[in-house]
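One chain, subunit A, appears in both complexes that follow, with subunit B as partner in the first and subunit C in the second.
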Partner chain A sequence: MTPELLSRPLLVARGLTKTYVQGHWPRRRHHKALDGVNLILRSGRTLALVGASGSGKTTLAMCLAALERPDSGEIWLGDLDLASARKGKLLRARTQVQILFQDSSGTLSPLLSAAEIVEEPLRVQCTVPKQQRDHAVTDLLRQVGLTPELKTRRASQLSGGQRQRLAIARALALNPRLIILDEPFTGLDLSARGQIINLLIELQASKALSYLYVSHDLDVVSHFADEVAVMHNGRIVEWGQTDNVIANPIHSSTKVLLDASTALSGRRPSPRGEPACVTC
Partner chain B sequence: MRYLLARIGQSLLLLTGVSLLSFAFLQLAPGDFFSEMRLSPQISDETVQGLRKQFALDKPLHIRYWRWLQSTFHGELGFSFAYNSPVAPLILDRAGNTLLLTSTAMFFAWCVAVPLGVMSAAAPAGLLARFCSIGTAAFLATPELLLALLALMLAVRTGWTRSLGMGAAVTTAQGWQGFRNTTTHLILPALVLVLTSVPVLLQHTASAMREALASPYIAAVRAHGIRPTRILFHHALRAALNPLVSLLGTSLAGLLSASLLVEVVMGWPGIGPLLLEAILNRDVYVVIGGVMLSAIFLASGMFIADLLLFAVDPRIRAERLS
Partner chain C sequence: MMQLHSHSTGRDKATAAVVAPIPALSVAALTISASAPNEAEKTVLHDVAFSVAAGEVLGVLGESGAGKSTLALSLLRLLPQGFEVRSGTIHLNGTSLLDLGDEELRSIRGNEVSLIYQDSSALNPVLRVDHQVAEVIHAHSNWSNARCLQEARATLELVGLGDDRIFSSYPHQLSGGQKQRVAIAQALACGPNLLIADEPTASLDATTALEILDLIERMRDQFHSSVLLISHQPEVLAYLSGRVVVMYAGRIIEEGWIQEVFDSPAHPYTRELLRCRTPFQDKQGPIGSKPRWPFIPGTANDFTAGCPFENRCLNRMELCAISMPPVTAIGQSHHVRCFEYAEEVS
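Right, the complex of A and B next:
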């Protein structure tokens, strides 16, 4: 990919706010999940969104995937503002942004076979003629390292790693430009986690995909992301190249996250380019 | 096949248990059908004793149960003292009417409850959801007896439908005229049953749908750009079907017990009036027959629910076929 293509913004978010009303009268209170978030996602790059629980990461991810509408602000994907687009345009735009959730067993229909799960988006969006769908499904499964023999199995009959691969195949079915990864490696064993990360890196290189990686795990972030944005109380409080942020954290919440990661793994997350940290 | 046999075995066990319990409980109640005869000065004690002996009421419980089992195997289900006839034909004559009423009410109740439950779960803060919530609370708080009386009053005042005298119309008229008579007489009791069962079904549907719609699986499906109606009815409803199908089985039995009261109030010639009369007269074998019919409804409801689960859920299908 050429450098100018890499630096071109794919998605630009400006001034996003989102407030949830919690509880009922008279104990009703307003929780500001997003408080004026600005964000730029570049083509073919990975931006990690880190922060403590309740900092607004998942809300931001859901807004960027057009699964939640922000109260105010703009989300430009090409020439379409996802925050204010009408339903019809939004339905079509959703194909460009896919999301991979933490709990792969919960995100795959327990009633459908692996082939049906991957075929569903193809059928609904009519991107592939009916006669070629079976071939397209086999091809997608192969791309994520699943054999065609698994086509008839349901999600519950697959391992955690296979389920996450299946979720990736389903996300790839619509040729998205951006995949939002909402802590997709949680619950996987170290070997499966390493394999999935390598698969995502390979897919990014071959399909020019952009990733928004939502996580607490700074070890994986340090290996996987080009840039990192730190969220705290609904705001992005620190943003920069991954190596810089990890080596010289400025905001207190970044330091807290790094300290927590050091306490858990016994060492500080290392800069990019040291793959040992992913699987060890 | 093995599953089918096991299921039939379970149903037989359930029916045996219900019949044993019915016998035991009725034995605990003081007096019997002939007790009131003692009060009449025209009937001597010897006559009453003779009648009790004739119908084996002087025998111990296990012998009476054994004799009832024998008569059940002969297709009689015991003997009615009041009607001087075997119980089975008495109950079967009326069971058809009860089945017609309950199945009609059940069909319409599900037809109303499922779309309303789905739509109110889809927009929990919407006008329809609020309307359903208030309506559900109001109908749940209203006793069905009051609802039946209100419906009767409304029908009589407005002359919308023939509200009483269904017995003759249902049993005598034939052909198109018979169908018309039955339908017009069916509307009111069926409406009351629908109104009493819709709130429960609606709440269950809405709750199962809310759970399904909140699952990450639905968020992932939404991300594909699938239309909301397809997400609701094809994906979320399919995911919410399991608890609803199980509810269908038990609601069949519940609707039967609810229909008994409605039948009595509205004069529908089902087993309700027969059972009430039998309870008041202590016509024990008719009561046991009615209870057995209710147990058969429950067992069939659960069996139908099992078959439906087998049809709609591939996980259960794979498990049973393996």
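Right, the complex of A and C next:
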């Protein structure tokens, strides 16, 4: 595929806002989780969404996955606006956007076998005839590196890395174009993390998948993502090529994140000038 | 066995370093087995021995399933059903923890030994934060409720949560970092001799993780407690601990000063694990424009008579599959369990 084709916009979000109401009168408070977010996701590329906890990363991910409706704004996936689409149309759009959650032990059903977990989306969306489903499931498991012997196991009987592979197989079942990865590596040890990263990169290369990678692990972000968007208080405050943003952070919150990450890595944080804020 | 060493601790912190003649915690030849219905009995900890001096932070590194959490729980005698201590001793300031009765144990848990869990789901969802901390104090003193509450609030202030609104909050109203602080306040309420932190920063972002690690260190200085810091992230251990033990399939396979172990890892497993921190910089067949990440193929061999890492090891010898390598000293306080070094010595 040519680079031009790869970098075509897949999903465009404009002016997204979302406010959560906390507590009851008279102590009710309005929390702006998203405050006018604009975003473009390109085919076959990875955009990392970083920011401190509470900056709105997960809310944005849930809106793009059509699991939450924004209060206002548009999310264009092809010619469908996910923010205003009706249920029936959303159901079909959901085949194109899948989400991989942080803790797969908590999101995979404890009552189903591995094969049933992967088969469920095929059954709900009726994309594969009943007779071929078993074959499709074996094929999906093979794609993520799980052997057919594991088909009868339950999620709780798999290791952390295997569970994450199973969650990836389930996400791939409907041939999505975009997978939202919400902290997919927390809780995995270093070796398992390396394997899952390689798997995701290989799948991206072979299927021209787009990833929205929500994370606070800047070490992985710097090698895994093509672009980085930094969120702060419900806004995207910095956005650019990964190398550029990490080498020359402009917004103060990006610098704070980078400093914390380098301090934790045992390296001395490099002295940086006074925070110069561009948008706030 | 791993030698007992009592040294100063901390990263270049001469002022905070303390030399203690007697280790606060010493574990010797600890072997724990687990049995589940319809499954063969499995040894989850083999012959584990280490010690922690007062005021020292000892890091425990290992992949999931290596026995890190079993070790933490065994120190509090909180092992789940089916787990049994086969042999070994655990001494805390001269008291043998394995010989204590239920009543004595209860007075030690949360008082002399306390545990910070991985996630803050250990907090009671229907108790306000200050009452939650007061509960711990109440269990170990005969003070009045009001006095306990007062002490609890003072402890919360110590961990940076000195706010009336937070005192009266429920856990679900707090952020992840705040909940972890409450858990730390709870653990520190009685000034424990030994603090066990089991993946205290696993679910936190880097900024919050740093704050929590700094807090644990400050508390260590203040209470002069020993800390057992368990993590699968080398950078978390490097930030806080002086010495580190590396666990693999229930065994300690390497032990030493963290700088030494991380700069020149001796055991093939430690070498491979540390290599997984960053992607290959060149060659190795990148995927498209992105570098491939290193990983260790295969899984631990729990049922072998030889070295459990033998099946994944790049330098394996025939001997490795047959017998367990002995612990060999390769530096003043650097020990490794691998035949590669045993030969050199003999």
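One rule holds for everything that comes next: the second predicted complex is superposed on the first by the 266 of 280 C-alpha atoms of A that agree within 3 Å, B and C clash if a C-alpha of one lies under 4 Å from a C-alpha of the other, contacts with A are read in each partner's own complex, and residues count from 1 in each chain.
Criterion: contacts are C-beta pairs under 8 Å (C-beta built on N, C-alpha and C of every residue); 3 or more make two chains touch, one makes a residue touch a chain.
Since the model is a prediction, treat every value here as computed from it, not as a measurement.
A.B. asks: On subunit A, do subunit B and subunit C fit together or clash when superposed?
C.D. replies: Here subunit B and subunit C can both sit on subunit A without a clash.
A.B. asks: Identify the partner contact of A:D189: answer first if only subunit B is touched, second if only subunit C is, both if each is, neither if none is.
C.D. replies: So A:D189 only meets subunit C here.
A.B. asks: Using the touch definition from the top, say if A:I250 reaches subunit B (first), subunit C (second), both or neither.
C.D. replies: A:I250 sits against neither subunit B nor subunit C.
A.B. asks: Considering only touches as defined above, state whether A:A167 meets subunit B (first), subunit C (second), both or neither.
C.D. replies: first
A.B. asks: Contacts for A:A263 in the overlay, against subunit B (first) and subunit C (second): which applies, first, second, both or neither?
C.D. replies: Only subunit C; A:A263 stays clear of subunit B.
A.B. asks: Between subunit B (first) and subunit C (second), which, if any, makes contact with A:E202: first, second, both or neither?
C.D. replies: After superposition on chain A, A:E202 lies in contact with subunit C alone.
A.B. asks: Rounded to the nearest angstrom, what is the minimum C-alpha distance from subunit B to subunit C in the superposition?
C.D. replies: Scanning every C-alpha pair, the shortest subunit B to subunit C distance is 5 Å.
A.B. asks: If you lay the two complexes on top of each other, which residues of subunit A touch subunit B in one and subunit C in the other?
C.D. replies: Comparing the two interfaces on subunit A, one with subunit B and one with subunit C, no residues are shared.
A.B. asks: Per the contact definition, I'd like the list of subunit A residues that touch subunit B in the complex.
C.D. replies: 62, 65-67, 87, 90-95, 97-99, 101-103, 106-111, 113, 120-121, 124-125, 154, 156, 167, 170, 174
A.B. asks: Would you tell me which residues of subunit C are touching subunit A in their complex?
C.D. replies: Checking each residue of subunit C against subunit A gives 62-65, 175-177, 202-210, 213, 232-236, 238-239, 272-273, 276-279, 287-288, 290-296, 299.
A.B. asks: So in the complex, the part of subunit A that touches subunit C is made up of which residues?
C.D. replies: Against subunit C, subunit A makes touches at 52-54, 159-160, 186-195, 197-198, 201-202, 204-205, 216-219, 223-224, 256-257, 260-261, 263-266.
A.B. asks: Can you check the complex and tell me which residues of subunit B touch subunit A?
C.D. replies: 215-217, 219-228, 230, 235, 238-239, 313-315, 318
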